[in-house]
Amino acid sequence: MKRVAIQADDFDVATELAALEQLGGGGIASFTGVVRGEGGLIALELEHYPAMTQAQMTRIVDEAMARWPLLGVSVIHRHGRLEPGARIVFVGTASRHRGAALESCAFLIDWLKSDAPFWKKEHMSDGATRWVAARAEDEAQALGWKA
Amino acid sequence: MKRVAIQADDFDVATELAALEQLGGGGIASFTGVVRGEGGLIALELEHYPAMTQAQMTRIVDEAMARWPLLGVSVIHRHGRLEPGARIVFVGTASRHRGAALESCAFLIDWLKSDAPFWKKEHMSDGATRWVAARAEDEAQALGWKA
Amino acid sequence: MAALSLVYFAWVRESIGCDGEQVARPASGATIADLITQLAARGDGYALALGDVARVRAAIDQRFAPLDTVIGDAREIALFPPVTGG
Amino acid sequence: MAALSLVYFAWVRESIGCDGEQVARPASGATIADLITQLAARGDGYALALGDVARVRAAIDQRFAPLDTVIGDAREIALFPPVTGG
């Protein structure tokens, strides 16, 4: 099972997990990212490059499935305007054993949070807006997987 | 938020995750373990030592909360007779950042799968039963966290 | 001093045939290993469950304890196979 | 040969004021960096978006590409800030 989606709409974590639980594996790992409302943030606006983002997300999921013995992967990323508390990203992986499920889930979310072709604009409560700069710490974390 | 439960009944992953998503963190990691029906297994019977198992699960959750900056942890383990496809264990963690959520989730499930005071009996389709022996590989994995 | 509670789990429980019992408190200074030897000497299911001490693990008052731990004034000793996790 | 499609994202798009356009295909052998210099020379929003080439990243036909990549017969060049992930 392989599912890669980029969408404006919210998603239902329970539906995604239920599909992964049906695959006969012993372990399902997941990560859900939520918009934090810190420092006066009232909304995050996510822009992406549709053809490239979908292709690259599919490629990284294929890489994870080649690297770990996975029965299923589900990756969902939202775009558009998201307010604090909104879900922004989901990664779910299913495998016979927990190690493969946990490691591949961490690998995929590290890639999504650092290398995926998204750009984020912060809307603040005082009316200011700011494009988020690339985060050096995320890049360092993703590099760890390439070593 | 801290939740530690040992119960015969099934649990609802969506309810657990929803509670963790409410805590204002940016990341929620989870692991769900499911009984695999391999090699003619028709049921797994889990025995535990109620007072000790609850106390030790609480202690390991406290340790995870001291070790990582977590906003919430939910750990549920079932006991009794469980058939293939049944959920057996759930770990959910919430933190501001994904690293703490992912690492603490892996730490807790490694402990639960190797050191938690449970004993498993396998019921096979030919009527045979067998107590599962302690798994050396799980012990090695849990030791990694202590180093 | 009050009697000592013993509780058994998994195949230790199955071989002995009950999930626990009260026994007279062992002599001062006795260890869990001494208790196991004494119980195994009862023969039958006890010998089967506890005869090979290398296969037995223990807890004192709901905490894992090495077999050379002195029982002292503990209230509950648990005897069981190595835990297999959940 | 057909015109070249350009697409812009994030503050590159905002400074230029549109999300893409068609331009005449550059001379054979021209790189993405050459294209950026040529666009920045238009001044105004183009200069603002593309004047500091160190801040610009690119893709050719939906794949990341270093700025010294020759454009060749590519159909679509994307110009954008470093990606920030989701």
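Lettered A, B, C and D in written order, each chain numbered from 1.
The rule is simple: a contact is a pair of C-beta atoms (placed from the backbone, for glycine too) under 8 Å apart; a residue touches a chain by one contact, two chains touch by 3 or more.
Please read all numbers here as calculations on a predicted model, not as lab measurements.
Visitor: After chain B is dropped from the contact network, which chains belong to the same connected group?
Guide: Without chain B in the graph, we get A, D | C.
Visitor: Starting at chain A, find the fewest moves between touching chains needed to arrive at chain C.
Guide: The distance in steps between these two chains is 2.
Visitor: Hey, how far is the Cα centre of chain A from the one of chain B, in Å?
Guide: 24
Visitor: Between chain B and chain D, what's the gap in Å when you average each chain's C-alpha atoms?
Guide: Each chain's C-alpha centroid was found; their separation is 50 Å.
Visitor: Starting from the mean Cα coordinates of chain B and chain C, work out the distance between those two points in Å.
Guide: Chain centroid spacing, chain B to chain C, equals 27 Å.
Visitor: Using the average of all C-alpha atoms in each chain as its centre, how far is it in Å between chain C and chain D?
Guide: It comes to 75 Å between the two C-alpha centres.
Visitor: Can you list the residues of chain C that touch 2 or more other chains?
Guide: Correct list: empty.
Visitor: Listing for chain A: what residues touch at least two other chains?
Guide: In chain A, the residues touching two or more other chains are 33, 113.
Visitor: Under the stated touch criterion, can you name all the chain pairs that qualify?
Guide: Here the touching pairs of chains are A-B, A-D, B-C.
Visitor: Could you please specify the touching residues of chain A with respect to chain D in the complex?
Guide: Answer in residue numbers: 33, 46-47, 49, 51-52, 55, 77, 88-89, 112-121, 131-135, 138.
Visitor: Going by the contact rule set out above, which residues of chain D touch chain A in the complex?
Guide: 7, 9-11, 13, 59, 62-63, 78, 80-86
Visitor: For chain B, which residues count as touching chain A in their complex?
Guide: Of all residues in chain B, those touching chain A are 13-14, 17, 21, 24-37, 85, 87, 96, 98-99, 101-102, 105-106, 109-110, 113, 141.
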